[in-house]
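So, here come the structures, one by one.
Two complexes follow with chain A in common, the first pairing it with chain B and the second with chain C.
The block that comes next holds the complex of A and B.
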């Protein structure tokens, strides 16, 4: 009995890693797509907000993330960009993260090409701007000025049809910030609180708990929570992608972790019972 | 800056904007200092052949490669300022980013899945009531976040949402209040000269 209890609590971690690896990879290789299920209210709030915007509104997408969090955030960024284009809105992409500049290109160029959207007319890549809070506050007064009237490709922003009538935050219908850090809090504190910009967020699952209070208080229009939120948004816009595919991996991995915890606890209780009966 | 937030008078606002400009200038110099520090630290390690100096060589070589690719193969045209600010699709800089930086960075983050699985197995034990509550909550949250949880019990996502929106928010708000009060107290201690540890005192 002691042998089993000991073994249950001391499985070689390499076996655990191997099993987790298989659980992550196999759904991708087999293109296993489990149903997404119920949509979270925080996700549908963003969807509804974009649905309710008048046609030809400007949706600002802030790609404040780096490749580390790309697997979780890129699917939701693509889904939101796709939704904005579906509804005939213009998209202004920008980033306050040095590595975000190329994240914009990965998302916007692909989605725009799929949906036959034209650069400069339907969307623009304003690129990276250093300064953080200073940029957020500056955009409240003069968006084009903050970017020195230049997009990420060296073109003049003021001459682009996509920027027509866009002077400050009052001309932005909705801003969605994709991030894996506390920069979303700054967007809320400075862009929303000082200038009234409607802010929504798409964040990694570990960040979501930090932001739920802002969604509950109405300071965030909505919140896309991790890969689950990304899968829900893909489902809402009817374009299954890596979010839904990734959820299959995540489903199986979560079940595995629960199984590991149960095995570990079984071993723990067997050991405890044995030591109690020995006493 | 705090006063300006609560009293939006023109004088305060102008001072605030001036400070924001300063912040950008200081940030630019901080970048130069950061690059200098990076070079000094790693070059010193390489020169003295300290343990792990090979990694320092890779760091400096990678840094130099990305700067070179960014300046000369970012857009590859126009004046230096434009080349520094713009990146043209399909060129060397973007290729390096997509094929080296993206996989390496994503790999580091992906390792978390393995560590969490191993750590949960080794440390999540129902030793007492509190630990058992935590364990049950963690299992509900893990099940509620995936479609399989809903297949097991159709109310699982609703239970998960309730946990996230009420107990988690309540706990988080408590932490936020604590952090805010702690930040104010620490700031006051620094401003009043009571806290001097940052000066080496």
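The block that comes next holds the complex of A and C.
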């Protein structure tokens, strides 16, 4: 028994990496598709908010993330953009992250092309703006002015049909921030608390725990939590993508990690009992 | 791989390669280089890590220059170089421009004290904006949201009432744990022990979400390898075998 307990405590971690890697790869090789399951209320709240917006509303999407968080955030960004277009809303994309400019193009160009949406009429890429909080506060008074009346491609924002009637936050139906850091808190603090902008968020799972209190308090309209939330939103929109595709691997690996935790604890308690009895 | 073949202009071993395919290979090799850290620290991993940091920094500089410095400072000050040469120059921007340049004095030891002025300006401005906003965001609104259902305000169902009670006990017990001015004995001791349990649940939820996030990153890489890179590899291998 002692030998087993000792071995359980001293498994070479590279074996665990290999097993986890296999657990992630196998569903892709076997086309295994596990169900997404129940939709979280925090995800459906964003879906409902977009559903209830009057047609031709403006949805602001903030791509405040970099390629490092792309696997989690890009599927949800695509799903939300797709939903906004499905409902006939206009989309204004922007970012406060230098590398977010690239993220906007990856998501918006693909989704718009897929849904036959026209640049300048149905959506616009306002690009990256440095300044963080100053940008958030400035947009509360003059959105086009903050962006120097210029989009990321050098066009004049004020002449674009997509920006018609958009002066400040009161003209934005809903803002969804996709981020992997605390910038979502700043959007709530400055755009929501000071100007009343309805803010929702799609964040990495690491960030989600800190943000649930803001959703429960009503400061966030809704919250999409990591790849699971992305899969739920894809399911709601009826457009399966990388979120749903990755959920089988996610579910199997979670079960595996629970098993690892049980094995590790069993080894720990067996070793401790042995050492206590030896004392 | 019809997309990969479009616009091909580099011939390698008799195969026409386009920048898309080269990009895929670079991504795949760098992914393997980063994952090689799991076996142990090694020069290949170090190379990929430094490359990532360098490219991120360089990309950031270019983006800030193109989308912030030029349109916000240079063109308004010197309209003749910008898209609107007829607009009169905005000389007020000399002040923030000078403040921004003073940051660069950090590189000259003799004059690095000058950088304190722009830093003081930034700290002052952001503190003024952040303090009331943070108090509103974290303290007032969260306290209100904790107490509203307990006081019977708003729509209160059974589930909301039970949930509100648990939240209230959790908040009070956790605050008791972080009260260090008296020994944790008696009522304070019981409360702080309950607080520890709430903290453990919160840490557990945080850990679970962290596991999910890290696995999502691995899944993202596997998706890329399986659906983007592997088909290209098999396409070229099939061509090579023929």
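The rule we apply is simple: the second predicted complex is superposed on the first by the 272 of 279 C-alpha atoms of A that agree within 3 Å, B and C clash if a C-alpha of one lies under 4 Å from a C-alpha of the other, contacts with A are read in each partner's own complex, and residues count from 1 in each chain.
Keep this in mind: a contact is a pair of C-beta atoms (placed from the backbone, for glycine too) under 8 Å apart; a residue touches a chain by one contact, two chains touch by 3 or more.
Just so we're clear, the structure is a prediction, and the values are computed from it rather than from any experiment.
Applying the stated contact rule after C-alpha superposition, one finds that A:130 touches each of chain B and chain C.
When the two complexes are overlaid on their common chain A, residue A:218 makes contact with chain C while staying clear of chain B. Of the two partner chains placed around the shared chain by superposition, chain B and chain C are both touched by A:257.
In the superposition on chain A, contact is made by A:242 with chain C only, not with chain B. In the superposition on chain A, contact is made by A:25 with chain C only, not with chain B.
After overlaying the two complexes on the shared chain, residue contacts for A:152 are found with chain B and with chain C alike. Once chain A of one complex is fitted onto chain A of the other, the partner contacts of A:188 are limited to chain C, with no touch recorded for chain B. Within the superposed three-chain model, A:70 lies in touch with chain B and with chain C [touch as defined at top].
Once the two complexes are laid over each other on the shared chain, residue contacts for A:268 go to chain B alone; chain C is not touched.
In the superposition on chain A, the residues of chain A contacting both chain B and chain C are 17, 20-21, 24, 66, 68, 70-71, 99, 101, 127, 130-131, 133, 137, 150, 152, 154, 205, 208-209, 213, 216, 225-226, 228, 250, 253-254, 257. Touching chain A in their complex are the following residues of chain C: 38-39, 56, 59-60, 63-64, 67-68, 71-72, 83, 126, 129-130, 133-134, 136-137, 141-142, 144-145, 202, 205-206, 209-213, 215-223, 226. In the complex of the two chains, the chain B residues touching chain A come out as 17, 20-21, 23-24, 27-28, 75, 78, 82, 85-89, 94, 97-98, 101-106, 108-110, 113-114, 116-118, 120-122, 124-127, 135, 138-139, 142-143, 145-150, 157-158, 161, 164-165, 168-169, 172-173, 176. Remark: chain A residues 14, 17, 20-21, 24-25, 28-29, 66, 68, 70-72, 98-99, 101, 127-131, 133, 137, 148, 150, 152, 154, 185, 188-190, 193-194, 204-206, 208-209, 213-214, 216-219, 225-228, 242, 245-246, 249-250, 253-254, 257 touch chain C in the complex. Chain A makes touch with chain B in their complex at residues 11, 13, 16-17, 20-21, 24, 34-38, 40-41, 66-71, 99, 101-102, 105-106, 109, 127, 130-131, 133-134, 137-138, 150, 152-154, 205, 208-210, 212-213, 216, 225-226, 228, 247-248, 250-258, 260-261, 263-265, 268-269.
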